[in-house]
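Going in written order, the chains are labelled A, B, C, D, E and F, and every chain counts its residues from 1.
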Amino acid sequence: MNAKILDAGNVNIKRLYALDTSTYLAGELPVKTKEMLGLISSMVLRCDDCIRYHLGKCHEEGVTTAELFEIFAIANLVGGTIVIPHTRRALEFWDELLTIK
Amino acid sequence: MNAKILDAGNVNIKRLYALDTSTYLAGELPVKTKEMLGLISSMVLRCDDCIRYHLGKCHEEGVTTAELFEIFAIANLVGGTIVIPHTRRALEFWDELLTIK
Amino acid sequence: MNAKILDAGNVNIKRLYALDTSTYLAGELPVKTKEMLGLISSMVLRCDDCIRYHLGKCHEEGVTTAELFEIFAIANLVGGTIVIPHTRRALEFWDELLTIK
Amino acid sequence: MNAKILDAGNVNIKRLYALDTSTYLAGELPVKTKEMLGLISSMVLRCDDCIRYHLGKCHEEGVTTAELFEIFAIANLVGGTIVIPHTRRALEFWDELLTIK
Amino acid sequence: MNAKILDAGNVNIKRLYALDTSTYLAGELPVKTKEMLGLISSMVLRCDDCIRYHLGKCHEEGVTTAELFEIFAIANLVGGTIVIPHTRRALEFWDELLTIK
Amino acid sequence: MNAKILDAGNVNIKRLYALDTSTYLAGELPVKTKEMLGLISSMVLRCDDCIRYHLGKCHEEGVTTAELFEIFAIANLVGGTIVIPHTRRALEFWDELLTIK
């Protein structure tokens, strides 16, 4: 569906999606840190699809389960218990990622 | 379920739902514009059911796919990449609407 | 999954989840009132899982259907029509709770 | 400014504002409970003006400071620490209300 | 301050801010419609600075006060009464814009 | 005012505020990373007071201005242009922090 969105030819959407790639590239901060930042933003804004995406990236970047739980702790603290159901689904997906590997 | 909610006889809920109809009627702004406003509000607030409802109305009012993508572009810009998964689902539903027609 | 989250041993998450229990215990306000407060917070923040949890508790505490609709009315008023789809799902779940009983 | 908004003559806005009054009238739930529901909704959605309005009403309805802190506790738990600055301002305003009386 | 942000030389921020300009240029939809879409998005997301910015643009594009109130009506309906304080401040700023002209 | 909130003696609020301290202590992740996570959460949830708090901590932990702008870039991308006014105020406060030092 992302491909379909890009095929539609709206130049501003294309630019935003390109930016969505370039913003997470290594810079002053390493990719791992940036992906943790993307993950927690997705958690407090409560977007399951976004959480899954950044969990995948965090896994690739070597985030450990213990580190992940510290991110969960901050997300649940700042965002409140309203984040708990998303945390449950995040952990389920993380378990899948660990099993695959 | 909407019928069931109304049947329950809470007068304030009935009034709010009546208002949900009257607010989108043609006035100073045409229905098409109002439905686009309802759509983008639903997008940035990230409510898939609301998005589908207003997509249906936008389709009835003759919003074109090119116009829709400009609404998507503003919604993704103002609301951020957190709106992307909802945009994907919106496009899927829009494709269904075009196919039915 | 909640058990799995707690088993992971992150002490701050454990404390937050313990707080999620203790905060709703009877105090100056009775449990029934606290659960109605938890329910409406979940509705305006639009978290279906949280809504179901507090609906279950409200049911246990003897909240009537007529009282529930007054909570729905305030949630839909303050949170806007964006709350309607969550209200529909809340009513569906409430009907299940009433049927089981 | 509310008067100016109503004077402008938009009938749907008038109806919504009328609904904002009627929804909080005594019904199945007493006014005190409804105002506590309005207060906590305003807190988790983080609107200082709305919080002040409902604090005023809660004060009129005889909500005690100990009860208020239990509402604060639920609001901060469900909504997260992001609600803390609003809680501080709420307490400041509550202190003013107590002093005036 | 926007200038200072851009001067700092972060290329991704520069691109996002450039996109913030290009997305509102005339395309399939006229600038007036796009600015109304930007305005209502800002209202339901409750950002006073963003609301003021788009009110200025709407004024330039010839949006009438009667049209504006229809946008307000949809924003207050979809976003809920939590949007009312922002509507009050929006009307205050609109009055300033009308006076200047 | 935080002191006043704690003095009021609500045990659940005390526990939450204690948690707000313990969650950011060094653990698997260093304090610097945790404070960056707290900062971006505050930015996408758009709480100026929270942003200022975490900016202060980030400054203490040695976050550089170039690193900060990469956090800003992710916050503005994920949260959308609605975050821009908060970014402006964040940069103003950061400049103050740099000047004081």
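We adopt the following convention: a contact is a pair of C-beta atoms (placed from the backbone, for glycine too) under 8 Å apart; a residue touches a chain by one contact, two chains touch by 3 or more.
What you are looking at is a predicted structure, and each value in this text was computed from that prediction instead of being measured.
Student: Taking each chain's centre as the mean of its C-alpha atoms, which one ends up farthest from the centre of subunit E?
Tutor: Taking each chain's C-alpha mean as its centre, the farthest from subunit E is C.
Student: Test of understanding: which option in C-F, A-F or B-F shares over half of the contact pairs of A-D, residue numbers taken as the match?
Tutor: B-F
Student: Centroid of subunit D to centroid of subunit E, CA atoms only: how many Å?
Tutor: 27
Student: I'd like to verify one number: the distance from the centre of subunit C to the centre of subunit E, where each centre is the average of its C-alpha atoms, in whole angstrom.
Tutor: Their C-alpha centroids are separated by 35 Å.
Student: Could you give the separation in Å between the centres of subunit B and subunit E, each centre being the mean of its C-alpha atoms?
Tutor: 19
Student: So which stretches of subunit F touch two or more other chains?
Tutor: In subunit F, the residues touching two or more other chains are 12, 16, 19-20, 23, 41-42, 44-45, 50, 66, 69-70, 73, 76-82.
Student: Note which residues of subunit F are touching subunit B in the complex, please.
Tutor: Within the complex, subunit F touches subunit B at residues 44, 76-83.
Student: Any idea which subunit F residues touch subunit A in the complex?
Tutor: Going by the criterion above, the answer is residues 19-20, 23-24, 27-29, 33-34, 36-38, 40-42, 44-45, 50, 64, 66-67, 69-71, 73-75, 77-79.
Student: Using the touch rule from the top, collect the residues of subunit D that touch subunit E in their complex.
Tutor: 1-2, 4-5, 8-10, 12-13, 16-17, 20, 41-42, 45, 47, 49-50
Student: Which residues of subunit C touch subunit B in their complex?
Tutor: 46, 65-66, 69-70, 72-73, 76-77, 80-82, 84-85, 87-89, 91-92, 95
Student: Under the stated contact criterion, what part of subunit F meets subunit C in this complex?
Tutor: 11-12, 15-16, 19, 22-23
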